[in-house]
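Should a chain be cited, it is by its letter among A, B, C, D, E and F, assigned in written order, with residues numbered from 1 in that chain.
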């Protein structure tokens, strides 16, 4: 779905939550496959049983990539992904956990690109216990409304 | 390969570069599959031909996940991934580009976790023209040497 | 995205078109993998060069599954997929073709399930030349509005 | 295996049953990946637990694609897939169910293509309880025997 | 397809050839993914251009696994795979090459398992130039005919 | 990691063991997908329950490919894979088993290639009970040290 929104059309504080997705052993195998990261923390069950978490944990990059993908439901032609700040892995995600994503427009910042500004979107990946497992700030470079003044 | 290194064993300025990996159409299809992100920027060739980059571009989360995976060759039992700062997409990665990863120990920081500190590792994904396409700081929470003083 | 719509809320003649997706060799390999259908029509390039179409063609079930998936953007809790009628493969889809999907509400029919009716949605998969490559009727069993009369 | 059969070589009423295949969580994840259909009915276990079926169900297009693939064991150079009629999802398929496919030649019909006719093959996907979970009619356009009369 | 054959039912010298399959970049990516072998010989195109073969080559284990899979079309309940001898990589397989497999029953050998013998099946993977790229001997442990004498 | 070793640099008797990897249902589905081998021994759970092993077993080519991939951690530019001898499937690998690989340099042999010899590396795939499930000899064609005498 395509929805055009200029920088000024985003309401700070507005929040969305996605539907859920259960993280499976297959997701971990496929992510290990794509990235080449077969560390025992993700794929060696007996070894994990001897560690503090007692079981295999999803890759941080898996939870991040899937979370960002789940949050991407609407295409805005005036916006492009600029980067991420303060990406933190707060709790482990285990096989069988179900995650959903809460996004919140947190701030608008100046940017040197003429006619554009940075939209700071808070992204939190939540598990089935409503705990935050991953948090970051997604920076979007968004076109200002035609004729808008830069501060 | 398992190599034990305490926080103090990391030499600031030390740098490693991985071998290369050609990013393929299959990588993009599989990453779109895993994340559910089928935005036309990544998978609609004729539409991309009408856009500034003229061709399909790899997902930012793909270049990030693969880059982090390529850099992960040695398991250090005293270290765990804490998060990432200043993740930036600097240039697009196209189908057929070949990436490799340069990591550099940049700083050691205090951390509230007793007996631990933060190792800041600069990560740069380079393409076949030696251009940086993605950069970030990978934060590792690493155990200090037994008996080491916290500053 | 979740949007509640009862049977009567669908406007006959209303039509939607999705964004595009380029069908890749990787899609064919993955679909052959999932279904076990490695017929030479899909995966043997030199043999295909001796056949009328001159090149490998996507599986009918691939174009169908992807097309239905592309059209599925909104979750309606009052509706469930009942089946398909008149599924026809009209033109081949080749590697590199870009498909998009046009859906049109075509009719509403009585159904024996109390309080429900059948919504007939025409589905057409189009290629980059605006040719229909696949057509079918998707039947949805949809709840009637509370208090609605069955004819 | 290649077996040449003209339209007249098919015996109405002849039936075949395939070996079985257990439908796995990995199949659902890979099909969601290929089609982009991550509806909670297929991938959100806690939400499914609140629904009538109590658990995740396989995509209709997954059971259909895999069933058709399982039935495709012999290549007949005189035949091509024309389409499907009356595709119906009769019962859900759950993770761990084991399906097999029963095909039966049901009828031969005239077709406008010179020298060809339509072979109607009934396809039923059965689960481990011998229940039909999916049924459809597969239409094959098959060459008549050289010199055969069209009715 | 299930065909029962006892050890004595195999005719030495009998040979079969499969249909073809074009080896794709996607196959290599998926095999690298499954095995974790991302050696530059398989996935780094610019580096390969500096090497004797000038281009990426398929993993030996990929050509072997796919070749064995292509040859496995009939299930014989009296036979099980015992192992392989003299597996040799004779020529490289490149992206875009089309392979097919020729199997030949070469010998029957005694085996210590009561009532069984070893069937030695020669396996050759051929490319589109009819060159052998991989050869091995597949050893099958097969039940003797009831009442058959062991030599 | 790239480590240059000539034929003479390998110490007969030297042995390495990898970290572990749990074999999953997803691995079997993906390997069946890549090879086209959907034999019921690997994917039909109820049928397997009637067989001696009582459960689905991993493909021999899966355990072999993954085992060889797990053992491949260091790139030696003076060495290339020549083939395998005496590949034997000694015990079944079940879903949930965790394998690791022990490699041992066993012998050095003459070879007709000028300036090269064959390094025979024993490869054993072990499960979580320390049982050998697969064994073979991996033959590497390795360059001799410059100026080295051929016996």
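Observations on the structure shown:
Operating definition for what follows: a residue touches a chain if its C-beta (ideal position, glycine included) is under 8 Å from a C-beta of that chain, and two chains touch if they have at least 3 such contacts.
Everything quoted here is computed from the prediction, not taken from an experiment.
Number of steps on the shortest path from subunit A to subunit F, with steps defined by chain touch: 1. Identification of common neighbours of subunit D and subunit E yields A, B, C, F. When every chain is reduced to the mean of its CA atoms, the largest separation from subunit F belongs to C.
Its C-alpha atoms superposed on subunit C, subunit B is turned by 120 degrees; the angle is given in steps of 5.
Look at the contact of subunit B with subunit E and you find different residues on each copy: under half of the numbers used there are shared.
Legend: contact pairs of A-F compared by residue number with A-E, B-C or D-E; the interface matching in over half of them is B-C.
When chain centres are defined as mean Cα coordinates, A lies farthest from subunit E. Each chain gets one centre point, the mean of its Cα atoms, and the points for subunit A and subunit B are 16 Å apart. If each chain is reduced to the centroid of its CA atoms, subunit A and subunit D end up 38 Å from each other.
Residue positions 19, 24-27, 29-30, 33-34, 36, 38-40, 70, 75 of subunit E each touch two or more of the other chains. Taken as a graph of touching chains, this assembly is fully connected, with contact between every pair of chains.
Residues 24-26, 29-30, 33, 38-40, 43-47, 56 of subunit B are the ones touching subunit C in the complex. Residue ranges on subunit F touching subunit B, taken from their complex, read 1-2, 19, 73, 75. Contact residues on subunit A toward subunit B in their complex (touch as defined above): 27, 30-31, 34-37, 39-40, 59-62, 64-66, 68-70, 72, 75, 81-89, 136. Within the complex, the subunit D residues that touch subunit B are 30, 32-34, 36, 38.
Against subunit A, in their complex, subunit F makes its touches with residues 19-22, 24-27, 29-30, 70, 96, 98, 128.
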